[in-house]
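Labels run A, B, C and D following the written order; every chain starts at residue 1.
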Amino acid sequence: MAKVTHEKEITALLVIDPYNDFIAEGGKLWERVKGVAEANECVPHMVQVLHAARKAQLRVFYALHRRYRPGDYETWQYIAPIQKAAWVHKTFENGTWGGEIRREFEPQPGDIVAQEHWCSSGFANTDLDVQLKKHGIHKLIVIGLIAHTCVEATVRYAAELGYEVTVVRDATADYSDEEMHAALDVNLPNYASAIVITNEVLSSLSAF
Amino acid sequence: MAKVTHEKEITALLVIDPYNDFIAEGGKLWERVKGVAEANECVPHMVQVLHAARKAQLRVFYALHRRYRPGDYETWQYIAPIQKAAWVHKTFENGTWGGEIRREFEPQPGDIVAQEHWCSSGFANTDLDVQLKKHGIHKLIVIGLIAHTCVEATVRYAAELGYEVTVVRDATADYSDEEMHAALDVNLPNYASAIVITNEVLSSLSAF
Amino acid sequence: MAKVTHEKEITALLVIDPYNDFIAEGGKLWERVKGVAEANECVPHMVQVLHAARKAQLRVFYALHRRYRPGDYETWQYIAPIQKAAWVHKTFENGTWGGEIRREFEPQPGDIVAQEHWCSSGFANTDLDVQLKKHGIHKLIVIGLIAHTCVEATVRYAAELGYEVTVVRDATADYSDEEMHAALDVNLPNYASAIVITNEVLSSLSAF
Amino acid sequence: MAKVTHEKEITALLVIDPYNDFIAEGGKLWERVKGVAEANECVPHMVQVLHAARKAQLRVFYALHRRYRPGDYETWQYIAPIQKAAWVHKTFENGTWGGEIRREFEPQPGDIVAQEHWCSSGFANTDLDVQLKKHGIHKLIVIGLIAHTCVEATVRYAAELGYEVTVVRDATADYSDEEMHAALDVNLPNYASAIVITNEVLSSLSAF
């Protein structure tokens, strides 16, 4: 009744919203994200971390925002500003290129894609928590977009729900330096056990 | 800042798993459900309640079990017996007729179809609770299948989460009388505020 | 980055509602529970399992129903029948002997007592899930009361949330054989991976 | 089956962590909060909003952080930085003056005090959501501490769970202007439908 557990068996990579609308040329929000994302080489870093995680045989999970569909919000009596924005801009519209995952981040067999969420947290009203438990995961390495909305919300929820989180600061981006700063320097240090750069996560993954 | 609220604005119909596999001739589980379902005229009653709810302008919600997809369970370290059964039998297989909603219960524009769930409760790890809140719903009328699994689980969760529930006892069915009895007579009286027959719900809906 | 994990490190004992009101001579509900509980020697079995779990160094968790306090329900607009009953009977009244844990089951240092719950599931609206995660627990051995209400509700929730559950059938009790049967023979086989007797759990614990 | 509902029947005041440790002279964290709190007159504003809410007959809810008790964290395998800090500093220590609610904010009969939470969100692993539903609440007015931790976390969760939120910006405080800014100007505009000042909330409450 004893078994050898490796750190990698309780650790997963969590990829947040790698949609074309966010991180591909021509995406609805790319122009707003581009400045920060190009400065910190967000997308190449995300790719590096994803490849390193796969090589280390970490399980990969995806937390995705609701792809806009007609009728999503018309009947709601209560709505948050960020949901109104999603409604107006039809971000990640279902069935369109913008609502597809950028090619390099396409989920592979064995990856777990959680149900789409309606606001910012990948955990709220989805099966992400149960899927993590079903796979014995207790620690998360987080990459993706947007730092102060979905990434921060998901990391906050992860901490509330009992997970230990590492955020890769140059594998996320935001609309402005101020918002990056609010997320990475002001808020997340309370909830993420580590906030590291890509090179650090690459070397720790190669040791798994 | 005062408005007139009608009972129907805080009440919804919740339809549970009206899949062909359960309630259509040729469905994977129909042979097991048929005895009870034909004896209490479950399907015609479900249709009657659905039509009456639409006529009374109640919002209609759907709680649906995960449609089986290859890869769903292979990587899980922990699994409940009912999930093993879903894996073995590939119930409600995605993309097949058995995993489609029986024609009469096809969701209409304005209906809310919650994310699919992985076990028995329509609330667990889904957006059903938030969708009910977004629509101001506090009371549920429940119809559908199977009485002692998904129906009972969903009603129990509804009560835990603060909803007031009415179950329509001849608009649900089960594999045996014993299981119907366990759900409707032993357990649900603790969690459902009312357990009624179709005629009762039809007349109360016509008064809405 | 590898460590040896023993089954006991991911397994916990969960004790449900061992209140005097349920299982002590003079308790409010003892007269109703007594028949079944004495027939299957529920209380001595609960004691045996608890001692064996402590000896095997399993972490012990408690899931407890809300101890009645004046004002608990007066302002609620929606209430389930089982909550109305708790209100009327003032079960487990806070500050009274009936609302105390029976002496043999008194929590010890290192045990985790979850927040009290309001209906039947030890998980609903409490910190039980996060406490289990904080301690790395994935498997539960369940003992306590009442089989078809709090025990069944807690086991159903455990399965929905991703835990693997063993129920000890002669370390639980109910108001009648019919209710025991509905819980242990009709419903729980879908959600508990094993339903065993005390002797079986004692021998498996001694092997931990 | 029609009833007149007033805005006040679906709106509640939510008071977050009005502990002596935060907002009373001599409290463990008062020296760190004092600068911002005195500049925006946080405490007097909190008192004004509380009195106005009571006068308008709004239901008052309290979301409170776990009061430190010995043994709380020793056995945890996973812990967030903010929880480590609570452990080290024994903030809101149970049974001490610092862990008491500042006198002016003492809960009154009819107020609802949710179970204490373990991290930052008043909703996570507590009964706050079910208590709000039991009272028919859909809208929250939020006051209290600390802006970028518990207040922001609770507002984010409220939005995720389907509530409409108003934050009173001069009835909250923080350790620094930078943290106030991150919460009130960068993040919360995405999740709170309104961020107002005390005078605005007083005049809207007087119209209820």
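Note that in this section a residue touches a chain if its C-beta (ideal position, glycine included) is under 8 Å from a C-beta of that chain, and two chains touch if they have at least 3 such contacts.
On a predicted model such as this, the values are computed, not experimentally measured, just so you know.
> By how many degrees does chain A turn when fitted onto chain B using C-alpha atoms, rounded in steps of 5?
Roughly 180 degrees of rotation.
> Are the interface residues of chain B and chain C largely the same numbers on each copy, more than half shared, or largely different?
Copies use mostly the same positions to touch.
> In whole angstrom, how far does the Cα centroid of chain C sit from the Cα centroid of chain D?
Each chain reduced to its C-alpha mean, chain C and chain D end up 33 Å apart.
> Which integer distance in Å separates the CA centroid of chain B from that of chain C?
28
> Counting in whole Å, what is the centre-to-centre distance of chain B and chain D, each centre being its mean C-alpha position?
Centres of chain B and chain D (C-alpha means) sit 37 Å apart.
> Would you please write down the residue numbers of chain D that are in contact with two or more other chains?
Within chain D, residues 77-79, 118, 124-125, 129-130, 133-134, 136, 138, 160-163 contact more than one other chain.
> So how do the chains connect up here, line, ring, star, complete, or something else (other)?
Here the contact pattern is complete, since every chain touches every other one.
> Mind listing the chain A positions that touch chain B in their complex?
59, 71, 75-79, 109-110, 112, 115-118, 124-127, 129-130, 133-136
> Where on chain D does chain A make contact in their complex?
Counting only chain D, the residues touching chain A are 77-82, 118-121, 124-125, 138-139, 148-149, 152-153, 156-157, 159-165, 178-179, 181-182, 186-187, 189-193.
> Please output the residues of chain C touching chain A within their complex, sorted ascending.
Counting only chain C, the residues touching chain A are 1-8, 129-130, 133-134, 136, 138, 160-163, 207-208.
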